[in-house]
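A, B, C, D and E are the chain letters, set down in written order, and residue numbers restart from 1 in every chain.
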Amino acid sequence: MVAVQYYLLLSAAIFCIGLFGILTRRNALFFLMSVELMLNAANINLVAFSFQYGNLTGQVFSLFITALAAAEVAVGIGIVLVLYRNFGDVDVTKATTLRW
Amino acid sequence: MAGLTLPVLQTAPPISDWVAVAPVLLLGLTALALFVVDSIDPDSSNSAALAGTAAAGTLLALVATLLLLAGGVGQGQGGALRLYGGQLIIDGMALFFTVIFTSVATLVIVASYDYLRDRVYQAEYYMLMLLAATGMALMAAAGSLATVFVSLELASLPSYALVAFMKDNRGSVEAGLKYFLIGALSSAIFAYGISLVYGVTGQLGLEAIAQQLSGGTQLVGVLGVGVLMVAGGFAFKTASVPFHFWAPEAYEGAPAPVSAFLSSASKAAGFVVAFRVFAVAFSPEAVAQSVDWTLAFWLLAAVTMTVGNFAAATQDKVKRMLAYSSVGHAGYVLIGLAALGGGQDGLVLGASMLHLLVYGFMNTGAFLFVALAEYWEVGRTFEDYNGLGQQAPIACVAMSVFMLSLAGIPVGGGFMSKYFILIGAVGTGHFVLAALLLVNSALSLYYYSRVLRALWVEDSDGSVAIEGYPLGLYAAVVGAAIVTFLLLPGVFLASDVATAAASALFA
Amino acid sequence: MILELLIGLCLVGAVVVFVAPNRYASKLAAGWSLLPLALSVFMYATFDGQSNALLGGQLAYETMVSWVSLGPYALNWHVGLDGISMPLVALSTVLTTAAILAAWTPIEERESQFYGLVLFLEASLVGVFAALDFFVWFVFWEAVLVPMFFLVAIWGGPRRKYAAIKFFVYTNVASLVLFIGFFALVFGLGNSINSLDLPAIAQALRTGQLSAVGGVAPETLKVAAFVALFAGFAVKVPVVPFHTWLPDAHVEAPTPVSVLLAGVLLKVGTYALLRFNFTMLPDVARQYAAIIALFAVVSVIYGALLALAQQDLKRIVAYSSVSSMGYVILGLVAYTVYGVGGATFQMISHGLISGLLFACVGVIYNTTHTRMVGDMSGMADRMPVTTSMFVAGAFAYMGLPLTSGFLGEYFVFLGTFGADFPGAPWFTAIAMFGIVIVAGYLLFAMQRTLFGSFGVETDHAGSGAVTDGGERTHNGRRANGGEHEHGDVISPAAAHDIAPLAILLALVIVLGIAPEISFAMIRDAVSPLLAAGGGG
Amino acid sequence: MAETATSTVAFAFEVAPAIAILPLASFVIALFAGKYLPKRGALAGITATGGSLLLSLWVMLTVAGGAYYNEEIYTLVSTPDSFDLHFGLLLDPLSALMLVIVSLVAFLVHLFSLGYMNDEGEPGLPRYYAGLGLFTFSMLSFVLSDNLFMSFVFFELVGLCSWLLIGHWYREDAPPSAAKKAFLVTRFGDYFFLVGVVAIFATFGTATFAGAESFPTLAEEALAGSGGAGGELPTFGLSAQGWFTVLGLLVLGGVLGKSAQFPLHTWLPDAMEGPTPVSALIHAATMVAAGVYLVARMYGFYALSPTALAIVAFVGGFTALFAASMAVVKRDVKQVLAYSTISQYGYMMLGLGAGGYVAAVFHLMTHAFFKALLFLGAGAVIIAMHHRQDMWEMGGLKNKLPVTYYTFLAGSLALAGIVPFAGFWSKDEVLYEALVHGLNDPLLLAAYLMGLTAVFFTGFYTFRMVLLTFHGEPRTHTARNPHSLGWSVKTPLVVLGILATVIGLANMTPIAEATGLEIEFLHTWLEHGLEGVNSEHYGEVLETVAGYSAAELSPLLAAVFSLSLALAGAGLAYRLYSGDRPEHHTDRLGAAKRLLTDNYYQDEYQVWIAQTLGTGVARASDRFDQGVVDGVVNGVSSVSLFSGDRVRRVQTGIVSNYATLLTLGLVALLVGVGLAGGWFL
Amino acid sequence: MVAIPYEAIAFGVFALITVASSFGVVLVEDVWHASLLLGVALLSVAIHYLMLRAEFIAVMQVLVYVGGVLILITFAVMLVRQAPDDPDEPEVA
């Protein structure tokens, strides 16, 4: 049995990678994918701790997260599409009409 | 929650579960009803019927909530109703905030009737709004981190769509994008924070977490990171620094009624859930030995109100100024969290709740006035508002009430609530926060008075000709103004409920 | 309930006038303002209060209804009058009527809004003087700012926006400071009080119920709270160096508003100082009396010197108000019956006299469209009645005997000279020199504007607006000639312009000859303060 | 006292307030109804002052009968736990005498005004008569005062009235300016008076002049150490005598201002801008006399402090000489009279300071008459000259205006101190007192010598004035054809002329000394009175407390001294100016003339203080206020708005930056709270 | 008895795959490659779930993420394909 700490490390690594992606990539789709990675990091934690504590709470919650992640992507893609329609691009740094 | 066996569960609620969650159900069902209507007749542009239905739904929910409040449901020390295994908690605070959400939603829907005239997808608009309201009502009642997360997303996802509702308007789309991106990032952080808290406690139920934490924990660091990440999630929802970046953009770009809805109701929702999570799950007594999150909120409050007000001070556009002021007000309310554990918990939290209630009306009203201005197409900057006071005196009197009340001048309830917060800060010895509040109030008075100046003092350049006085917008603006004003002498109607509900959390 | 009726009358009047058509507004407002005036006179006549409102004793027209609860504290609607507040309430109603009459000529647009705001202001002012619960008091205290802001910002002079916002923000900051100071005290009192009732708090503070808050010792807390309260009120009074909003606000405000601003608004500050600092924390006040007296004396002399340097008639009166309010502070410090009573008397007296002077300046301005001393001369020739009033008012301001202005200052000097704080005679003697400077600038101003050969110099005779100083064209003085000879430009003031002047002047003289009319009740209210404060 | 008096006596005192109230009524009538009355208020004023005169005489007779009155009649403010402020009447020989003088002069001035003002078609007559009425009211009330508070009140009112009357012709530039100056300079003096009154209240808790509880009595008890209430007075860190000296000097400030003593005399010559009857009223019997009267009124207090007395005397002596020297070179007849007024009041101060209480009061009385006479005479001349006042434009009026000439001459002889005219007796007595006390006190002696020298100057300028005005050939057309004078002008002149001639006989001290006759009526008169406020008592106090002692010297010797000096002065004037076409002899004085015509540059330095110093400090304060005090306020707002602008620049519009900032913020929060909470240890 | 730590080895291997492919997602230039790598990462996470005895969650992970989310993203990539002149985003066939 692998100690739960390693899963924590793994999830932290993935969370950070996702965060890194969000901070560095300008394409909205990368942004979406990076968020998915981060949410998965949370899921890994939940499942791992659920296994450790022996209750299903974490697993159930990870399901919710999965479902909501899917919904979020759906909404997100809708927004990306209208962004593309209005700005002709999916570069998130291009949309800067509102600032200051 | 299999692992959760609390004694309170054995006491059968005095009323049926359905009755207790009636407001939430009413909101949700109205949304579904609109969905049905829309699918039967997708091209309907009968906005009166749509808005009427939506408004009826929120009004019913409001009435139901008020009845529940009046009936004392879930109130008093230890009187909270725990439904569905403690996943939902109906108590004074939940109902109090449901009043805010439903009132704001009603105002916004009534105002949207005029604002949306001649636009397509009206049914979807109302439906999304109702769904978001449902999510908020659920947030107020959330009893575990799982319901917190789900309801928060339920409130957020429709909001993203609402902000980007005018899909041919670049501002609206950009606002939606930014809101969504920051929201997604924040919800990821939030989820990760929840997972860490779960990792430390093995529980998601708020009271269960509190029980677990009161025994102390070895994983202080993990818990701390988790708690702060959870706080980050709330900070996003409440537009607190540094999670506030979306707010100015989203409020500015979104249709004004949506801005009103988000800046009032959505913010309140973020706060109610933060209050509940931090007061119950991470209650100061439980985490006294491990994570001093009041310090974090102290910093957040200080930075949030300062950034919000300072940035608002030099804005050119009224809507954006209101957006930043909304950030500033989040900072005021955060004092309620920062001052917890100072021996005045019921008082300070009650003051924050009261402020959110008043804010729900005065800020909504202010944004709806902006909606009115957008309806008249007078422009967005302060200069564009010059001389409006002569052309539309009633609406401008209402706007003046909002501005003064926001600034904490006694023509509205904002005076009372702001000073109650200040009392809380002083009473718990947070003199630095009190001083910051002072500085920021001064600054806020400056920029709010710029609106008054534009409306009443400056002369119009003559280019603005107001056509028509839209009934719905007027009704909403004037209604909000009347309530804002009445909350000054009538503040006792709300303040006792708020302090009692807040105190009940610390029973 | 008669006090509520008074406040309610003003509020209802405000709404009624606000929605009335512009052309009826002025007469309606004047008529309506007679109701609260008559009521307050009736109250004054039937006043049966004794003792001090905060220190026990019988209050007149008292009501107490519970309002809001705030954690462990109850907030009550508690109003009532004692010998200190009753004259100030009467002063407010008198000056409101005077201001409304004085506004008939200069206010030519948006009348209904103007008069509505003035009546709203009256309600707030009466409320400030009547309130005996901290929160009720604070509501009125802050509510005063709103009408004032609009009155200055909408109907004011060229720099009205700057002045209005400065006033608004500055005084609001002060309010927050005092609020924090007050609540530091409230929390220091802990369980010994269960409401924000001012009498209860005053009693608790004076009986030494204060305990530490947040590790701050009670003694330190008292001093800190005193400083915060003092700073807060000092802005309103205003005490040098917190005074700079005042000249701006005065100069830019339309004259009727200046009447109220100088006449009543400044008194709100000294009234609060008396009620809070000097009644609730007498030991701190006595301990630091010399420092407070220093502020007072600096206000007197520095304010007078500033007035001496001004060219704008309104600025002169504005700065001299700073000077005069310094006397009030000085009297309060003394803790003698003449000191504190004199300070209160001086508030009323200064209210009447400064109101009178501002109204006179207004009448002159209405006809000449300038207020600069160098721009006119010989006004006495064309406006004899106004000139007489101005002269009488100015001499009353200089402290001429048989006017209330003399007695106000004289009481203060009498009370302070022998007071037992260090350096009292010196402070008093230095402050008294103010009477020489005040005579200097008022006489200079009068000589140059009222006397000599007649002439007015503005670059647009008779048209509405005024230029600011920088852009005046020097088209020469038209002494005893030119278009101003014709009656259409310089005409004798109308009856409704003169009436308020005459009323105020009459009151000034009556109070100067029979000060007991108000000093008797003031004395009753002040004595307990001294007895309990250990002074005498 | 009242309770012992008969009913007539009581009634006389009951109606005594009417002495003051009658002119007040005339003020009200003239002010509000003046323009509807036939003579624009003159008749009301004449009636009122006439009534006052009659009542004053009645009071004087009553007082002569040995009844005195010292009662509070109106309580302004009463405070149970502190002192009261009240108005009251003190009717004793001094005040009764003064009442008669004031009301008589006021009556005559009113009468004279009828000719001087009404006949010229003056506008603003109601205002003029209202001012006169108010002035008379104030002065009479001042005289009636039984306490220092009331004195101060009416002292100030007198100042107001002088402002009103001096500035009567406000359409010209000079009168308002002179009025302002008069008020300001006297106000400067009154400042010290005010401090003094307040300090007296603070010290004694009372300000009444007479009675067992009066402040001079208390002070005396305190000095005598005889217990009583006087034993525990607060003296503000000084010795009792030192503090009383300070108090006396403070009150003296007001006296110097009102009585135009050096260095506060500068307003008086300018005050000649007022109508001439006003000058007569102000400078003869009322305003200027008020200062001296005040010292006399509270002489019991001054007598306690030799230092204060010496200063009074020295200032008086100096002023007498100083002003007389300036009168020598004036061209304007009223200016000459103005400086002579200053000089004469200097004598009175000298008399008071030298312990000659009776002498000073005597001179006050004679001066009131002859100076009123001279001013009214000058007024008559001015009427005749169509309002020209330069003596070099006159000449030869003796034949055209005989009544004026002879009365004026009587007044001049009195002023110059030529026996047997009034001024001789009184001035001589003042000098005598100064000499006999001065022989033991060098400071007093110096004052005496200055006073004595001034006698010479007085004789000179008086006769220079008379000669230039009335003698020789007329030098202008106007002087050849003077305006004729009416009865209302002449009557007062005649009355006053007679008085100026004979009133000195009331107190012929040298004759009394020489013959041993009991003819010092004024001495007798003033010896009576309430306990503690009579000359007898003052004499005792002067000796026991102030340590004054009189050298043995015959009054005749002193009289000879001064008379010969006066005659020398008059003779010199006669030699220089008696010709038909006198020359401008004063030109020979050269630079000294300049100095004298420029009044020793007194105005210049006072104007410099008022303008350069006062206004300069004010301007500097204003700049400081605008720049620093207000600058801080505005600076705070600018800094706030500037930083607000910076803060909002953080919001770049680029969402990636937001994410970065968000992350950094969260990390910072984590690190900060973590470090504070010690998570990472 | 010395047991070979199969689980540890498996965890190590799949953790490596997860981290590596995640890095790939955020580092590769091409959005197509990124979405493929995201699929790899999600699948390897599913294997972690299996190892944690959360079979249902693992199945859901595959169904929802790989079956739903990835397809959505792919679809979006198709819709918003960049113009060929953009050097950052080379054209995808």
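The criterion applied here is as follows: contacts are C-beta pairs under 8 Å (C-beta built on N, C-alpha and C of every residue); 3 or more make two chains touch, one makes a residue touch a chain.
Just so it is clear, the model here is predicted, and its values are computed rather than measured.
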item	value
Chains in simultaneous contact with chain B and chain C	D
Separation of chain C from chain A in steps, with touching chains one step apart	2
Relative to chain A, chain with the most remote C-alpha centre	D
Core chain by centroid distance, with centroids computed from Cα atoms only	C
Furthest chain, CA centroid comparison against chain E	D
Higher-contact pair (C-beta pairs counted), A-B versus B-D	A-B
Whole-Å separation of chain centres (CA-atom averages), chain B against chain D	77
Whole-Å gap between the CA centroids of chain C and chain D	36
Chain centre separation (chain D, chain E; CA means) in Å	107
Chain centre separation in whole Å, for chain D relative to chain A (CA means)	96
Per-residue multi-chain contacts in chain A, two or more chains	18-19, 22, 24, 32, 43, 48, 50, 80, 92, 95-100
Touching two or more other chains - residues of chain B	177-178, 181, 185, 189, 248-249, 315, 446
Residue numbers of chain D (touch at least two other chains)	637, 648, 651, 653, 655, 659
Chain pairs in mutual contact under the definition given at the outset	A-B, A-D, A-E, B-C, B-D, C-D
Interface residues, chain A side, partner chain B - complex	4, 8, 11, 15, 18-19, 22, 28, 31-32, 35, 38-39, 41-43, 45-46, 48-50, 52-53, 55-58, 60-61, 64-65, 68, 71-72, 75-76, 78-80, 82-83, 85-87, 92, 95-100
Chain A residues touching chain D - in the complex, by the definition given at the top	19, 22-24, 26, 92-93, 95-100
Chain A-touching residues of chain B, taken from the complex the two chains share	1-3, 145-146, 149-150, 153, 157, 160-161, 164, 167-168, 170-171, 173-178, 180-181, 184-185, 187-189, 191-192, 194-196, 198-199, 202-204, 222, 248-249, 252-253, 315
Chain A - residues contacting chain E, complex	1-2, 6-7, 10, 13-14, 17-18, 20-21, 24-25, 27, 29-30, 32-34, 36-37, 40, 43-44, 47-48, 50-51, 59, 62-63, 66-67, 69-70, 73-74, 77, 80-81, 84, 89-90
Sites on chain C touched by chain D in the complex	166, 169-170, 240-241, 243-245, 302, 305-310, 336-338, 341, 378, 380-381, 395, 398-402, 406-407, 410-411, 413-414, 417-418, 425, 428-429, 432-433, 435-437, 439-440, 443-444, 446-447, 450-454, 513-516, 519, 523, 527, 530, 536
